[in-house]
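Lettered A, B, C and D in written order, each chain numbered from 1.
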Amino acid sequence: MNKVVANAKAAIQGIEDNMTLMLGGFGLCGIPENCISALVEANIKGLTCISNNAGVDDFGLGLLLQKRQIKKMISSYVGENDEFERQMLSGELEVDLIPQGSLAERCRAGGAGVPAFFTPAGYGTEVALGKEVRYFNGKPHILENALTADFAIVKAWKGDPMGNLVFKGTARNFNPLMAMAGKITIAEVEELVEPGELDPNFIHTPGIFIQRIFQGVNYEKRIEQRTVRQKV
Amino acid sequence: MNKVVANAKAAIQGIEDNMTLMLGGFGLCGIPENCISALVEANIKGLTCISNNAGVDDFGLGLLLQKRQIKKMISSYVGENDEFERQMLSGELEVDLIPQGSLAERCRAGGAGVPAFFTPAGYGTEVALGKEVRYFNGKPHILENALTADFAIVKAWKGDPMGNLVFKGTARNFNPLMAMAGKITIAEVEELVEPGELDPNFIHTPGIFIQRIFQGVNYEKRIEQRTVRQKV
Amino acid sequence: MLDKKGIAKRIAQELQNGWYVNLGIGIPTLIANYVPEGISVEFQSENGILGMGPFPFDGEEDADMINAGKQTITAMSGACIFDSATSFAMIRGQHIQLTVLGAMEVADNGDIANWKIPGKMVKGMGGAMDLVASADNIIVAMMHTNKRGVSKLLRQCTLPLTGVGCVKKIVTNLAVLDVTPNGFKLIERAPGVSVEEIQAATEGRLIVEGDIPEMKID
Amino acid sequence: MLDKKGIAKRIAQELQNGWYVNLGIGIPTLIANYVPEGISVEFQSENGILGMGPFPFDGEEDADMINAGKQTITAMSGACIFDSATSFAMIRGQHIQLTVLGAMEVADNGDIANWKIPGKMVKGMGGAMDLVASADNIIVAMMHTNKRGVSKLLRQCTLPLTGVGCVKKIVTNLAVLDVTPNGFKLIERAPGVSVEEIQAATEGRLIVEGDIPEMKID
């Protein structure tokens, strides 16, 4: 089973205007840089993007925002982005804000065939508007639906041709969950290894969730908040 | 943070008659042998055991059944056990049979603070009796509740004093899910390693889910169906 | 008439390149031996492995490597291991392209019963209810009649159900049948078996349209 | 009156041995610097790490190792990494013993608002709604009044809520207060701050019973 494609351009074939995409990453950490660039180049419009954040002005999903390719963002936190703010306030961009844990669980549920689940997060807030409320053990919960996407795009550290993935550090974040929830899931990896090179016991995302994989190039891996201490 | 206890006897302190336990394992693979022996020795009675299987007559949970320590089994498959059959048919043992995937997901939900979720499994069958039915995308689903336990008892390959666990092969099965769902979770491991010895990037069960850990002794790891092929 | 191996061989012809496949205990397990040349599939076992390989060589069994039938197994190159919740996420989330399992009874509306005989020992449904409720593509592999010669392809199941309206195709020792809104549609006859014999062994509604070809099995 | 460091130091006194703790952005982050001698806790960051350590040495930053504030971090010995669903399973499943976060407003029934100012930029709730809805033990760390001198401890929140009835304790530059069914109960005064000053800065119901001790901060 060989799911390898040549590059990001080949990987995003079939992504069309007005589709719904999931994109892994937290802030700028663990984002699919190559595929984002390819989406910019292909100038696909009207996208609904499900991603925890919306990048910064000149990197990550901010690049798609600049070119007005995104119609709607579904995220938990969208600070650090002036162009985002401008488009949202002017009404050009629809925004659906979701508690971070609900976002993660809704992606997992979408991939796991669980159409809805109850969570306490958001009860009594705007997030609960129009949602069913039910008490369990005396505590109020709201019903949240699963999320899926036409394409999910994730970034991993290593991957093999069958699509098995390994992530590095906190670049894991939403990637394994979104990988489960795409009708088609694309994985870009820093290193494409030979079949059998990844230990079957230590794979973060089983290849079954991945339809296309390629080794990315020129990763910038920009740091948003460089915080350091000095050696004494 | 050091969660190490001396042995199984110390680990099961606080388990009392009529409590609910979760026990990891699939068949005899990945079962907490040491703790089961300690429960037999302590002769704790009236237990409700949540475990995918019920062991065989003279091993695994079969040892607790022989001594009539189990009041109720919550499982997905309970063949291979004559004493189980006898007790069930005579009405001595209550049995609640649950689809395997629902059992796994209900344990995870219990640990993840998700009190209930919808699944298609069991719709239109005995399993759905008395459960809410709801259609999503035209397909019927039933509402299943989370499972938790007074104590969860799991078996891992390696573990460290903070409770971080690594499993080996298909001995992983229900163990990571039940580890999440115990009010107190006990881990017995084949090898207790030093803090920092396990790679943070490749831990199957984060230590936060574990309250007590010890290195087990004399693992038999019995094979239920020894199937082999001959070298040509 | 086919033997169990024949049923497995016929179902193996349904495999398509790149599919992930879950095989139940019994006849379905045999299918792994007959994957057609040039077809690459991966076998999932619901206790937590994808890329299940053949039985280990004598002396190389590992108690920590079993399949859902509790048999010792090996892992293929590129395999991966996961917990039971992730395993059923694959199944429930329809990431498996084909599920093959046995049955005690199948009704002509696709209902299946294969886990319980009331009054007799109940072993439990294991993963069968999740599998049949989730999979889009379910093939039942079974003998056409039970040991007493009674049809297992019924107008309505008499045993407690495992799932409703879920079976798409049935391969028996006598025939290949599709489940349609109007009943079992006969697709192929086993070698040497007549339409009349199949009709006689089928209690549920049987649809026979035109010439029914004989299966091709090596 | 306390400064931000002082607030962090006072909250650090609440830490108990063996606790898992989630610290929000801002004042809460500072708490990690003041863990009392002999107390061992582990810090969780909701983007997927348990056992978060100090900032890396200059030149040793790793873009793949950040906290929920997107700051570069290190991992302690015994740390572990996980995905966002597992991270919030820990939070929602109440495996975290203490959550400390900032707030724009807290009501005397425990309601909290800290994510949105209508008409101004909305940055989103991030993980705050999951944290406040799930945790049994939530401490709010904030200034007692806003920049315009208006109380942030209110009878009722005016901003869109993050969670209802969830805050248990508040530590401000002026006081430590418990949230009780009858309102904010004054527990401690900041050094040099009088009960009258606290009363004047508190819009919500304030309960003052007996002598209110002054905090002890090193």
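In this text, a contact is a pair of C-beta atoms (placed from the backbone, for glycine too) under 8 Å apart; a residue touches a chain by one contact, two chains touch by 3 or more.
In this text, all values refer to a predicted model and were calculated from it rather than measured experimentally.
Ranked by distance of CA centroids from chain B, the top chain is D.
Remark: chain B and chain C have CA centroids separated by 28 Å (rounded to whole angstrom). With centres defined as mean CA coordinates, chain C is found 36 Å away from chain A. Averaged C-alpha coordinates put the centre of chain A at 33 Å from the centre of chain B. Looking at chain A, one finds that residues 105, 108, 112-114, 119-120, 168-169, 201 touch two or more other chains. Residues of chain C in contact with two or more other chains: 49, 75, 81-82, 85, 88, 91-92, 134. Taken as a contact graph, with one node per protein chain and an edge wherever two chains touch, the assembly fits none of the named shapes, being neither a line, a ring, a star nor a complete graph.
Interfaces, counted as pairs of touching chains, are A-B, A-C, A-D, B-C, B-D. Every residue of chain B that touches chain A in the complex is listed here, in rising order: 105, 109, 112-120, 134, 136-137, 141, 145, 166-169, 201-202.
The touching residues of chain D, counted against chain A in their complex, run 45-49, 54-73, 75, 81-85, 87-88, 91-92, 111, 116, 121-130, 133-134, 160-165.
Residue ranges of chain A in contact with chain D, taken from their complex: 26-30, 52, 75-79, 85, 88-89, 95, 97, 99-105, 107-108, 119-127, 157, 168-177, 204, 221-231. Those residues of chain A that touch chain C in the complex are listed here as 1, 108, 110-114, 160-162, 164, 180, 195-196, 198, 200-201, 203, 206-209. Against chain A, in their complex, chain C makes its touches with residues 18, 20, 40-42, 44, 49-51, 75, 77-82, 85-86, 88-96, 134.
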